[in-house]
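One structure below.
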Amino acid sequence: MSLTAEVDATIRRLRVEVAALHAELPRNELVVWTAGNVSARVPGRDLLVIKPSGVSYDDLTPESMVVTDLQANLVEGDRAPSSDTAAHAYVYAQLPEVGGVVHTHSTYATAWAARGEEVPCVLTMMADEFGGPIPIGPFALIGDDSIGRGIVETLRSSRSKAVLMRNHGPFTVGADAKAAVKAAVMVEEVARTVHISRQLGEPIPIPQADIDRLYDRYQNVYGQSRGEKR
Amino acid sequence: MSLTAEVDATIRRLRVEVAALHAELPRNELVVWTAGNVSARVPGRDLLVIKPSGVSYDDLTPESMVVTDLQANLVEGDRAPSSDTAAHAYVYAQLPEVGGVVHTHSTYATAWAARGEEVPCVLTMMADEFGGPIPIGPFALIGDDSIGRGIVETLRSSRSKAVLMRNHGPFTVGADAKAAVKAAVMVEEVARTVHISRQLGEPIPIPQADIDRLYDRYQNVYGQSRGEKR
Amino acid sequence: MSLTAEVDATIRRLRVEVAALHAELPRNELVVWTAGNVSARVPGRDLLVIKPSGVSYDDLTPESMVVTDLQANLVEGDRAPSSDTAAHAYVYAQLPEVGGVVHTHSTYATAWAARGEEVPCVLTMMADEFGGPIPIGPFALIGDDSIGRGIVETLRSSRSKAVLMRNHGPFTVGADAKAAVKAAVMVEEVARTVHISRQLGEPIPIPQADIDRLYDRYQNVYGQSRGEKR
Amino acid sequence: MSLTAEVDATIRRLRVEVAALHAELPRNELVVWTAGNVSARVPGRDLLVIKPSGVSYDDLTPESMVVTDLQANLVEGDRAPSSDTAAHAYVYAQLPEVGGVVHTHSTYATAWAARGEEVPCVLTMMADEFGGPIPIGPFALIGDDSIGRGIVETLRSSRSKAVLMRNHGPFTVGADAKAAVKAAVMVEEVARTVHISRQLGEPIPIPQADIDRLYDRYQNVYGQSRGEKR
């Protein structure tokens, strides 16, 4: 198989995978209407596969996914890429270990983002998955690299795979698109649980040494294999 | 095709469209039992297509939709029109740019309405979609033009496509019925997210200049086409 | 058709109707596991049709419904009647205008019940449906007529078709079982909306004269026919 | 049938039952992604049947369930057992009357757990099912017997079939796996209802003598048979 044929096969596979993963967003009640998007890096290529802009979740198919380069220029597809493509592309360009990116406006995560307040690490499942609090990224306008830069700078100063962009909502990353979707599900889960806990008092913090122990174990021991945990 | 035949074909199409859009209300958890209604203007005619009164969402079909004039008199259909028809009709009579109207009692939007408190613009998705806060309309009794007038006067003094009628619930408008349904989904989404954010502190306001920039971009650039955005 | 044959046919019809209406309780998220029950009076007979005790919602069929007299003695059926049958039976014995009774532990209604606090009438849909606040019934133990008496005494001093039994949950009544199920759906809806509204301040009361006007209109004018409104 | 053949038949039956019961966790919104697990004791044997680690709820089948001994060593199955198996195994080893164990991170129960605050008994359904407050277990790290010991010690000092492990989440037990799943559903239900009630004031306590009467009646009289109540 020629290199090009191999890349084509990979893109076909990622179109199927990214289309299927989008169904997890409404199923987990992370999005309404056409909000939210999942992307996957095309390994070894400066390309990504992402949802087109303004298409209903019911109508998403492998064929309707689009391919862009890491400057968010359309390379393959009939439709305009998601308006958040520039942010995804910037993350892939800057963070080579990232293979998948997800953005939603999930309710509880966005509620913390609107106050510009990080979610404190008071649950063992947060320590497992995020290794500490969920950090807040800067307020940034769409239209240039501001959102991408805000995501990357915040993720670089944290163990968390999720960042809450101020007044906007969560972005999550992972080794592949599925891991990034899992992080999007988990960030809403912990944002909701900690919110509800704090409504009636102050949750008890977990000591840093215990957070470290939990995070280390979960990242190295848990599940059938990496990327398919809990 | 004669003018009458053309209007008949349009009405048939709108019956299908309006019946299908009603399914979005329970699907997005905006209504319970038989509450809520969607209508569409018949373009170029002083007519509208709306849900009949008191029929279960399971039983709504294109055939069960009814047609009224802009004084809410029944023109076509076997059943009484929705008891909110007068309010829809008044909006179409006064606002020629409106092609669709939706009314629900969605929980969080109605909760702000019960306090008579507008939803502040603290989320980028609110700036995109509504261009500012969601305004409150007056308390008005059903039975004459009061509700319609309250909606129209409030919408005229705002960029928002949604108004929260005091102690009652949201009404939304759009270029067509689908756009009005999208606004009904989005107004509940932002009412819920801002409510939850405020439960634990004060959300950070977005400066007016940034709201203007986001609104302008979203209304003019975003999506595959107007009316099918995000 | 002999009188007995007629009663038999009515009971067969009510078994089908009551079994089908039970599906509305989980569908509207009013119950978990096997909690909750719907009953219908057998018109002209001192009998009622109700759910058996401890059967999963998935397994409810017309045949599994049971028939009791108004002292809650089993008349027809293979299983023990719902443990709440005595309360239903007492209501039918005392309130001849009631044709259906529903009991749930729906979350928000039960939350008001746990504080022993009536739900104030601050929504037009409450004025329409309940004609005022949702009243609180006394704390009562299961095992004798206490619950039934508490329901009847509370409903007699109110226009509401719903009562919140203290520390327990809502009971609703209607002209038939479907109307009582509608009231069960609506009482949770208004309990939730008013709760959420009050979380961030005080909802604005609706003047009594306006409540009266709304209630009167809704009970007499609205919908295709009585019992099938909104 | 030889003893071994009998045990094999029992394990086959429990694989079917435990796989089916797992579907109740997402259905009742107690878990997201791959979180949560149900197990059953193999009667008369020091064995248990449990979910494998890190497998999606959509992919759980009787065949994918695994069997371990009461030291959590894999006895039968292709995959690693759930990472919570040691806690389940410890409970079976210490509490011979327990035939089923369930663990979730259900939102409201976990919110109380994060504050380390027991859920007070202010609902008749809590008195029925749990006989008093839902107790808090100690903070414990995964990796040795700490979680199991915390569960057992807390359950031994309470009538409750549920314990909220601090900063972690609920564990429930029952005579069989189905009863433990019911307790997992009910603990979230009461945690949610009491939380919501307390948001707007203080729920009214139920006197201990009434709790005792309700608990005694429910455990002995209610339902078609034990283990299949309400």
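By written order: A, B, C and D. Residues from 1 in each chain.
Going forward, a contact is a pair of C-beta atoms (placed from the backbone, for glycine too) under 8 Å apart; a residue touches a chain by one contact, two chains touch by 3 or more.
Chain identities (UniProt): A, B, C, D = L-ribulose-5-phosphate 4-epimerase.
From a predicted model like this one, the values you see are computed outputs, not experimental measurements.
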Ask   = Which chains, if any, touch chain C and chain D both?
value = none
Shortest contact path, chain A to chain D, counted in steps = 1
Query = Does the chain B and chain C pair touch with the same residues on each side or with different residues, judged by whether over half of the numbers are shared?
reply = different
Query = Between chain B and chain D, what is the separation of their C-alpha centroids in Å?
reply = 45
Query = Any idea how many Å lie between the Cα centroids of chain A and chain B?
reply = 32
Query = Mind pulling the chain D residues that touch 2 or more other chains?
reply = 199
Remark   = Contacting chain pairs, sorted by label, are A-B, A-D, B-C, C-D
Note = Contacts from chain C onto chain D in the complex sit at residues 32-35, 52-55, 79-80, 83, 105, 107-108, 110-112, 114-117, 139, 141-143, 166-169, 195, 198-199
Key: Residue ranges of chain C in contact with chain B within the complex   = 28, 122-125, 182, 185-186, 189, 192-194, 196-197, 199-204, 206, 210, 213-214, 217, 221-225, 228-230
